[in-house]
Each structure stands twice: as structure tokens, then as C-alpha cells.
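We just call them A, B, C and D in the order they show up, numbering each chain from 1.
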Amino acid sequence: MMMAIHKGLEHIEVLLLDVDGVLTDGSIIYNDNASETKVFNSKDGLGIRLLLDAGIQVGIISGRRSNALKHRCQNLGIVHVFEAVSNKADELNNILKQIKKTAEQAAFIGDDLPDLKLMKKVGFSVAVANAHEILREQADMVTSAKGGEGAVRETCEAILKAKGLWEKTLERFL
Amino acid sequence: MMMAIHKGLEHIEVLLLDVDGVLTDGSIIYNDNASETKVFNSKDGLGIRLLLDAGIQVGIISGRRSNALKHRCQNLGIVHVFEAVSNKADELNNILKQIKKTAEQAAFIGDDLPDLKLMKKVGFSVAVANAHEILREQADMVTSAKGGEGAVRETCEAILKAKGLWEKTLERFL
Amino acid sequence: MMMAIHKGLEHIEVLLLDVDGVLTDGSIIYNDNASETKVFNSKDGLGIRLLLDAGIQVGIISGRRSNALKHRCQNLGIVHVFEAVSNKADELNNILKQIKKTAEQAAFIGDDLPDLKLMKKVGFSVAVANAHEILREQADMVTSAKGGEGAVRETCEAILKAKGLWEKTLERFL
Amino acid sequence: MMMAIHKGLEHIEVLLLDVDGVLTDGSIIYNDNASETKVFNSKDGLGIRLLLDAGIQVGIISGRRSNALKHRCQNLGIVHVFEAVSNKADELNNILKQIKKTAEQAAFIGDDLPDLKLMKKVGFSVAVANAHEILREQADMVTSAKGGEGAVRETCEAILKAKGLWEKTLERFL
């Protein structure tokens, strides 16, 4: 994971995340009583905390709605959560206004076709390793990890490194 | 996934799906209180929606019964759901009558021996990558993805491409 | 999976199964309220049904206790279920007496050290692909599939083939 | 798994374990009602029991809090459980005092940055196969198994072998 520093990531001030297939491996888990279960990743969780601690915002933008997601966001301190978004690209301006950032300052990680328009609008676009091939072709960066298996963490560290914040972030663990 | 266009798929008007091992990875998940949990795949879900949006019908035909499946079908807009079917091939005529399609217009994805007879009756038969070897030998197409890991999505896109509907489907995402 | 016919399997009249790591991938799933969840495999399930339909008995022998297991056994028609067995080898005689079979007529699939003594007592011993190395060295057969990923199914088909019952079993699916 | 005997492990009297990513594969599983589910591994469980039976202590030290973890520890007979520990290295002295062991006598298995300081304080440090690269570089041993897939079991057997207790441990299974 000795990755090169990605040009463009140094200006990022907010990381926007799709949920199913990005923060999870794409599993849609239904129980008999209609409740849902979601499987997140502890390494992604630490990456998000490190970003927030370094003053970089994190936002969630999902086409679906899930209480399990809300619990995870609360746990991680993510306050910008946009659910049941039918057209993610259309919602971008509204989201950025709330976070007080420009599209140029935003990075976004996606995995499937509904993420495509949004990817083209942000300053830096990321596709997970197992994203749809069209996304992988058009993204500024493709993670080596699959969704739900550390793709978010990989992106968080790439942002911190590109912004020269990685050494300072590591310090408290050494 | 630069797949060739499969001869025979161009006539398909309805896609019939087995559940365990096709829409899931074959996991049968029991909780202590006898309730069941099912794990579906978000990429398969989008594939099914794209098919339905393009006017191609989707039906479920399962040997078991599951409330979790019902919730998923409701969520995806699948209205033709046939559960606890002891002999899938015998049920085909009844299903096709309801959907108002012929066997020639139907494709079916299966993974194990109870799917074999049905596979032989439809216009186009698909086996998932990890289907029983007898099914893989007899299917018109074997997906590169395993059941629950995108085999359904792969088939949905193959149908849309064979019918010349893929470009129009992609348009709304570009 | 064009496997050779295993010498010794032709005399088998009952298949005994360990649970965690054999019928499952070894996951021990706890929920906050202390209930447990178990993940079985649909292909294993069909293998067990085919065995029972062919008149070969199936028994469960587990060191732990689980309601989820009971539901799965009920669902598959397995009536010989022995749970919370602290010493599996000691329990064998009791089990065989109930099933009215001899040790020579029994096959057993195991994955870890507590299965070792029992493996040595039965007529035919099977280790799953990811069993402890000591079991893999001593077993009469090592499956190519891991526990929970079809190791039981593979063994069921091997028994039916060795006993010359496979063609008849297949017939109803053709 | 014919591993060499690791120098340093022969003095170990207590094994300390991180939870997420070590005893599990790092999955953080939320249900809609905010309850959590944790997936442990049966092979790890036997490894822990074998250590305890051989008179070696086992302790848990986690940054999070989970009822599911408590049930698993109760089930395995682990009495030293430290949860919601914000700074694991700072807590080490308190833990060792309760267990009545020195840092030199302690081994620790970790997977991510919050484990780094603690790894440097104990007599023997272990990183799981898929630990953060910085941990893998600094650990005394890197397991061949990933977290949740047998990394703990591998370490337990390595300790028993290094201390010359493996033959005696195996005896009861032969």
C-alpha cells in the first residue's frame, strides 16, 4: 500500500461516501421482520475518525434509508448524512451548502451507475476496486481494496498523505 | 466484463430467478428464534430495476419460503414471486400464464439440481459461476460472477445488451 | 469435481456431521441479546436430503448447543441430533445404537481436534479442506470444498457414487 | 502451518487480544434497532480454551463495548475483559496488575494503529496477516491467517509449541 500521492487530493476538504458497496460490501441484509442489518468495517471507521480529527469533513449520500447506517454514523461522529437521495448529483449543491464547501473541495467514493454523475461533478472521484467498469474507467483513483474491505480507509489515508497531514496523524499512535 | 452478445438473449421478455445460490450466495441463515435472514446484493438489485425499467419482466421462483425475500422483492418492485414451489418445471406454465409470456421468451438463472428441468424448458438458461457442474455443462450461459456476488446483475446487463437496450439504459446515468 | 470413487465409502449407511466448521464455516455469531445465529449452506442441504431419500441416515454430533441448528435440522428432516457432547468419541456407541448401525457403517466429517478420536473409530473419516492439519493427515478423504462452502455436499455425492446410487438419484432431476 | 518456534514466545504467561479485526474479521454489524452482532471463529475459540487449560492467561482489551463480546467471553471462560479502553497502552499496567503478570510475560495481537503503542510495551507482539502495514513491520510475528480467520488460533498454538506444551495439549485428542 505504498501508494503514490494523487494529484488533486491535496485540495480536498470533504469526503462524500456512498453506502452500499462502498462503506459495505454491497450486501443487502433483510431479516424476516423486515428489519435490515448492515456490515461496516472497523478499518474504514478509524480512517473516517482520523479524517474528522484532521479537520476534513465527511458526508454520507445514499440512495437507500437505513437505521443501521444512522447508528454507525452516530458512533463515528458523522453529522452530514443524506439518505433516500434519488438523484445524487442533483443533491450535491444542497449538501455542499450545508457543509460550506465547493464541489472542487469535495472527493466522492462510488461503486455503481447511480454514482456516475456525482463523480463527474466533484474535485476528485474514487471508485472501489470492484466498482462497475464504467466507474473504474472514469474515476481519478481506483482503490486496491474492495468496498467494505478497506476502500474507504485507503482513500482517507491517501487524502491525509496528499495534504501532508499523515505524519502528524500518525504521531499520536507512535 | 466485455462479454460477447449471447445469441438467444435478444428474444427474452422475462427473467426468472431462483433465490438461494442465485440472488444469494447460498447461505441459509437461521436465528435462535427460528427467524431467517437473507443476504442479497446491491448490484443485483440495480440490475433488476434496470430490466424492469426497460419493460422486461422479472419473476422469482423458489423452493423455499422467506419473509426476508418478500421484503426484498417489495423493495425492488418485483411482483411475480412464487415460493415453496416443490417442482419448478411443473410450475412454469402457471407462472408464464400470469406474466403473459411464452417459455421461449423466458430466461432462467439457476445453481443446483432442482433447477435443471426448468432450465431445459425456457428459451435461455443461465448457470451461476459456482453452480453444480451438471448445470454449468447444460446452460446456454455461465456467469463469471458467483451467486450473490453479481451473477444476476451480469445476466441483466447481458439481456439489455442483446436486446440493444443498453445504450438507452446507460443514458440516464451519464 | 470429477472425483474418484473412494474405497470404503461403499459400506456407509450413516453420515455423522460435526456442526461448527463443517455444516458452517466456523463462524460463531453472537447477538447483543445473547442469541446466536448460524449460517448453513443450501447446497449442503440438498446433499443431505438426497442422502436421506436414498435411505442413508444422517446424524449431527456437536460440542455446542444451538436453537438455530435445531431449526435447520427440522427443516432438512434430520432426526438424529446430539448436542453439547463433551466427548464425541465416547458418545459414538450411544448414537450408533439409536441409529441401529455399526461403527464400520458410519462416516464422519470433522474439522478440528475434538473430532480426531471419533474419526479414528468410524468406517470412513472425512476432513474438510480447511480442517486442522492433523485431521487432514489422518482422514480417509479431504474434501476440496471448505466447511460451510459445500464440503458436506461433496461428501454426500461421494457416498451416493460409491454406493452406485448416484444415477438413480440424478434421474428425478433430468 | 509447520511454523518455526518463535524466540520470545517461551516466556509468555498471558495473551492479550484486541477484538475487532483480531477475534473478528473487522466487521462492525449494526441492526436497525441499534443492537450489534459479532462474528467470532470456532477455531480461535478452541485455541483460547487450550491456552487456558495449559495455565496461560487470556485477556481482552477493546476500544469498543459489546454485549456480544461478553457472551463469547463467558462461553470461552475468559474473565479478564477490558472494554471501551480509549488508550490501550495506558491501560496495560492496570490489566497486568489484575492478572498478576509483567509486561515481559505478555503477548498481544493487534491489527490497527490504536494497537501500536501497546505492541511496543509487551514481551511479544503479533500482527494479523491483514493488519495495517506499520503493525506488520513492527510486530515480532505476523500470522499467516487473517483476523477472524484463525489468527488467534495460530498464535495460541505458537505459544504452546514455544513453551513445550503442545505435545501434552495434543495428547487428550489422540
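The criterion applied here is as follows: a contact is a pair of C-beta atoms (placed from the backbone, for glycine too) under 8 Å apart; a residue touches a chain by one contact, two chains touch by 3 or more.
As the structure is a prediction and not an experimental result, all values here were calculated from the model.
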{"item": "Touching subunit B and also subunit C, the following chains", "value": "none"}
{"item": "Approximate Å spacing (C-alpha centroids) for the pair subunit B, subunit D", "value": "43"}
{"item": "Centre distance in Å when subunit A and subunit B are each reduced to the mean of their C-alpha atoms", "value": "31"}
{"item": "Residues within subunit B bordering two or more other chains", "value": "31, 37"}
{"item": "Graph class of chain-chain contacts, one of line, ring, star, complete, other", "value": "ring"}
{"item": "Residue ranges of subunit B in contact with subunit C within the complex", "value": "20-21, 26-34, 37, 111-114, 116-117, 132-134"}
{"item": "Sites on subunit C touched by subunit B in the complex", "value": "1, 31, 35-43, 45-46, 66-69, 71-72, 170, 173-174"}
